[in-house]
Amino acid sequence: MSEIFILCIPLMPLLAFVVNGLFGRWTREVGGWIAFGAMLISAVISLILFVSALLGSADLVLPVTPPPLWDWISVGDLSISVGLHFDQLTAVMCFVITFVGSLVFLYSIGYMHGDPGFARFFTYLSLFAFAMLILVLADSLPLLFVGWEGVGLCSYLLIGYYMDAPGAADAGKKAFIVNRVGDFGFLLAMFLIYKYTGTLQISEISSTAIETFQYGGAAITVITLLMFLGCTGKSAQIPLFIWLPDAMAGPTPVSALIHAATMVTAGIYLVVRTSLLFALAPATMTTMAVIGALTAFVAGTIALTQRDIKKVLAYSTVSQLGYMFLACGVGAFSMGIFHVMTHAFFKGCLFLGAGAVIHSIGGVQDLFQMGGLRKHIKTTWLTFGIACLAIAGFPLTAGFFSKDEILFKTFVDAPVLRIGAFDLNVNILYIIGVITAFMTAIYSFRAFFLCFHGESRLPSDVRSHVHPPGATMKIPLVVLAIGSLFIGFLNVPHGIAQTFGMGDSGAVFERYLGVVTEPAAAVIASHRTEHEAEVEVASADSGHAAAHDEHVFEEHAAEAPQESHQETGDVAALATAAAAEHGAENGSAEEHGSAGEHHSVALELGLAGFSIVLALVGIATAAFLFLGRWPDASSRLGDSPWVSPLRQFSERAWWWDDAYNTVFAGGTWMVGVVAVWFDRYLIDGVLHGVARTARGGAAIIRSLQMGQVQAYAMIMLIGANILLLVILIW
Amino acid sequence: MEHLIPYIAIGMILVFAAGFAVVNSLLGTLIGPTKDNPAKRLAYESGMVPTGEANVRIPIKFYMVGLLFLIFDIETIFLLAWAVVFKGNQIDFASGNVGFTQTQFQHYGFFAMAVFIGVLMLAEIYAWKKGGFEWS
Amino acid sequence: MEPNSITLINSHDLALVAPAIVLGVSALIVLLVDLFSMKLGRSVLPLLTLGGLGLALIVHVTTGYRGAEFEIAFDGCLRFDRMTYIAQIVILSLTLFLTLVSPLYLIRRRIPRGEYYVLIMFAALAMMVLSASNELLTLFINLELLSFCLYILTGIEQGNLRSTEAAFKYFTIGSYAAAFLLFGMTMVYGATGATHFDEIRVILASGSLGGALGGNSLFLAGGFALMLVGFGFKLTLAPFHMYAPDVYAGAPTPVAGLIATGSKVAAVTAFFAIFELMIAWGDLPAGVYYALYGVVVLSIIFGNLGALVQPNIKRLLAYSGVSHSGYFMIPLLAVMTSPELMDKAELAVTYYLLAYGVMTVLAFGVATTLGPEGERDIDRYAGLARRSPVLAAAMALALLSMTGVPITVGFVGKFRLFAVAVDAGLYPLAIFALLASVASAYYYLRVVVKMYMEEPPAEAEPIPLEGSNALALLAGVVCIFLFAVLPALVV
Amino acid sequence: MELLFQGNLVLSAIIFAIGAFGFLWKRNAIGIFLCIELMLNACALAFLTLSQAMGRPEGVAVFIFIISVAAAEAGIGLALFIKIFNEKETIDADSLSMLRD
């Protein structure tokens, strides 16, 4: 029975797509309701399935795999069928996609009201939902890739939706092409996986992976790095994150659904779906963690100085995606997905709120032209504020639970980074994560205060015409805000749960998703403890450098006088013992648990407290900078480049710029500038360099095309002679 | 070397022809008087004064006819090859190596050539209807 | 040949070439109708052509190849296998498609319709037989028949200098390349003493070349090289592709479509037979592999770079065809390194024949339907989505398929081509081809962006769509999806 | 015979080369076309020679077809040149370079 329901989930948006695509000319505004209705049905089904999966209902035995629909590609021993696979991970993703999706659809009915391309918009949106659901439901990599490219295509179509907007078409194209670079990695990884395992069914890959690939071997490292390249494209990580901020040219509901809640998380989904492969490649895991942390940090600094409210949110999304990859990189796959879920709620709410703001003030997106909107749009103010609290990690909101847990896992499990010969013993990833968390609080509340508080800096003609959003726009905001407040309780960390008398009822989500991530976690755990023990041994036996090879390790284990109790060779026992010893030596953490099962409550509480303090300080900083009354700074107007277009506004608008120049003159501001510079000149520069080379080549090729027959014949003859020479000489 | 015997005659003719031409022109230049005058340099020494350029443009009509001639002419090469084997006299029908009789072979040959000629006829009709044979 | 196996003609052979006979007869009928009928008859011509092509297709599907490994006809001159069978269906369908979209174009451009349809059918006939050729002479004659039809079709437009120039270029370069091909055949004949592929294959496999030139294997290798040059022309492989952009740009659009698709499909099939000969030869010089490798890489580079900044849509499609030809050859390289992949490579190439044919012909079909506007600069496509959503959608789909976006035939096709390369361990080539196809998104998307995200020119009006054109385009669109979702329908 | 065989092949190769290079140098369309004919006929000669040398009949058949193909090619070529001349008043190959990048 559940199989039919599962088939219905992607089928409903497809139906809406077909109806709107074929009859869009006649359905018009009704088309939006059709699309919403279809999405709502999917959402209800997904919600029921998710909840029953979460509660472990006996009626639902996961994973559910409906019989394959048909054979898609079958050549020789390669046989790919179109089949779906529904397990705990899929249930979460389906729930997020359909739930947030239906809210965004509802919101769009109000937002897009009166737009000439109304039906077209909902056609694309339904197609997107379908492709995204295929992506998460696919049971084979090629089918997943179909969804993967499908969402990219829809994203491209929707970014370029406003034909008249300057740069919309370019932004769309940029997004598509950058994503193609990522797809290249994904495709190549797929070919290699097929080459090594002989199958492309995800379940079969996972079941054969451990026998096929050697832990840390070159093959698996290359495969996972290529897959990760695909993920950096889709999920906007360094070095391919440049498309996402530009993608904000699309309509705001699109930004909320595609560029915040769902599509950009496809990369994390892929990593978690193939987590076993990643677990087998420690080098990739480290790369992923480092890239994730760096992206989180860089995007966070850029978000601090952006003026466009959607750009702030876009960079914030990039930053939060970085957290998710950081989580995956340190082996906390379920926490990555949990952050996907909470992020979908609060970032969706932020984007929709920003959309409501933009909608109500007639298209203004510049934060410096807003201010004081609290009085006009109360609901939006409230929901936006709640979402800001969530993203900043205010205690007991969704963001607090997910981000704090990621930071905790990073603190405990972060890989030791090696630079050259020596290890970085400082947990640099955790430090970066914490700094980013602090910045998150600042930039989100900066946007919040600039937008809703203080004096109104709106143009006078707009100020009198602020129209609050309608019911279709308010309901999604409220629902998402409620979600942002409470969804975090799905995964109360153990320590907190125990402290507050909830016993073992904490970490519900982690246990729920554990079924999917278990194999990967097991691999990581066994090898991590092995490695730690090995390091111990190596340090004990000071004559030897750190040994990597298992055999070497065993020799050392036998030799080392302190480790005499490990002669059994049982890796597990060895691991635990070594871990315990390691923990004791460190002193700071009493038990350095491998799978994070028995960590210290005190440590967890301490870190949580630290996070809370950081969030509060961040909010306070934002309030101090952007909420307070500052002396008139008109004398310092002079040199800022954006003065002239803002001249018609009141003098008070200027000291935001001043604040920047004084407060951020030092570190952060510089970092932000450097990051923007990096983005603009280095990344774009590389791209442009490639483009220039290509254009140069094209010019040469075109100059060969002189139009004269004999020139062509000459080239042919030369070619023929070279061909003959090559063949005859070789 | 005996394969070359048939070619000896050809070789002799070649040598003889070349020798004849060379000897005669040599004789002419050696024996004849060499008095040069402008009239001798004209294209025609018959007294007609040439007019216009040497590169006379041949009207397109000539090309058209030439083309049609070329194409239809070349098809006779197939007729020739066909005619040589048409009767089937070279084939040993009695040996049992072939799955047909001489009559069948001839009928088949006739039919095949009829198709060939028929298609050629159509082409000719086409050229005719399109005015390819009209001189104007 | 065994004794008793000599027969004059039999129903088995005739059944296999029945579609070609149907095509030939209907071409002659069209010719006569055009000659002897007055005004009334002219409008019947397309219908007659469609009827002939349709009948040939029906005959082909019903009486043709019956799923055996292969069938031989006419004393081994023709060989029908799975690849030929599908290539012939593709050829007939492509011709049918182009016939459907061209009537209005012909009237607008004042192209003599009788000759046009007759030549189109003869070209289709030549392609059909070419793709089944199993003997050097048969291959050469049909290649030349095909070329002649296309030469005339290219220059069929009266008083259009571009068309005439294109025909001139096509004719001279084509004949030049044909001479190379023929000279290559000479060497192969001289080395092996046979013209039937089946015989040649046996001789090559035996290791002792029996011919007058058999003493020195360089002649055979050189022969294959020169044949590669000749086919390089037909397949627009770099550096033998130079004529393609000019010819496509000058030729009437449906003719350019036929040159780009049908003739390439037939030539790939024929070349595959030659290729099977090559790899049957145990002492094949390694140079052949490197030469082919170089040609493939060069084609992909030239095709993609040439298309990068190309303002003319037909030239863009020509360059894109060059890179696709490069992709076509990738499985052949894979087979050369690991012969056990032969079956897979054949399937991949066969599928790509269909994929390439469908998506390219669809693009040309849209350009034909647009008429004079469709064959110039890409700028003319600005805002096409507003003027004619159907045309824009079809064009966008064709281009996205060429880019290799999933659920289009282009994706499945490239996927299978590259999978063979990876299977054979040709990682650098696979990576290079993948990168190139990633980069190709840039110039294909340029057109899509123009159509969907820019305003149409001020004076532009909505474009009416003829019934037959709409039907053909719809069929093309359906094919792009259908064969991507259910590739099992093909192979 | 051996001498004749090798000589003929060398001759055909030379003729082919003359055609192939002549194609590049000739400016007049008819000249270009003649070079193509040279190349084709070189092939025909080689086929005949090989056929004789090996005592196999295929070469002769190929020869006949090459002749007729060459004739057909001549037909098309000349018709095309007439068309070019009618439209352009010249058949200089260099003047036909309107289609280019």
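Read from first to last, the chains carry the letters A, B, C and D; within each, the first residue is number 1.
Keep in mind that, in the parts below, a residue touches a chain if its C-beta (ideal position, glycine included) is under 8 Å from a C-beta of that chain, and two chains touch if they have at least 3 such contacts.
In this text, all values refer to a predicted model and were calculated from it rather than measured experimentally.
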If you tally contacting C-beta pairs, which pair wins, A-D or A-C? A-C
What's the distance between the Cα centroids of chain A and chain D, rounded to whole Å? 65
Chain A to chain C, mean C-alpha position gap in Å, rounds to 44
What's the distance between the Cα centroids of chain A and chain B, rounded to whole Å? 81
Distance between chain B and chain D based on Cα centroids, please, to the nearest Å. 17
Which parts of chain D, given as residue numbers and ranges, touch two or more other chains? 20, 23, 32, 72, 93, 96-101
Check each residue of chain B and list the ones that touch at least two other chains. none
Residues of chain A whose C-beta touches two or more other chains: 702, 705, 707, 709, 713
In contact, pair by pair, are chains A-C, A-D, B-C, B-D, C-D
State the interface residues of chain C toward chain B in the complex, per the touch definition above. 3-9, 28, 31-32, 35-36
The answer for chain D against chain C in the complex is residues 5, 9, 12, 16, 19-20, 23, 29, 32-33, 36, 39-40, 42-43, 46-47, 50, 53-54, 56, 58-59, 61-62, 65-66, 69, 72-73, 76-77, 80, 83-84, 87-88, 93, 96-101
Touching chain D in the complex: which residues of chain B? 3-4, 7, 60, 63-64, 66-67, 70-71, 73-75, 77-78, 81
Enumerate the contact residues on chain C facing chain A in the complex. 168-169, 172-173, 176-177, 180, 218, 221-222, 224-226, 228-229, 232-233, 238-240, 242-243, 245-246, 285-288, 290-291, 294-295, 301-302, 305-306, 308-309, 343-344, 347-348, 400, 403, 405-407, 411-412, 415-416, 418-419, 422-423, 430-431, 434-435, 438-439, 441-442, 445-446, 449, 452-455, 485-488, 491
In the complex, go through chain B and note every residue touching chain C. 96-100, 104-105, 108, 119, 122, 125-126, 129
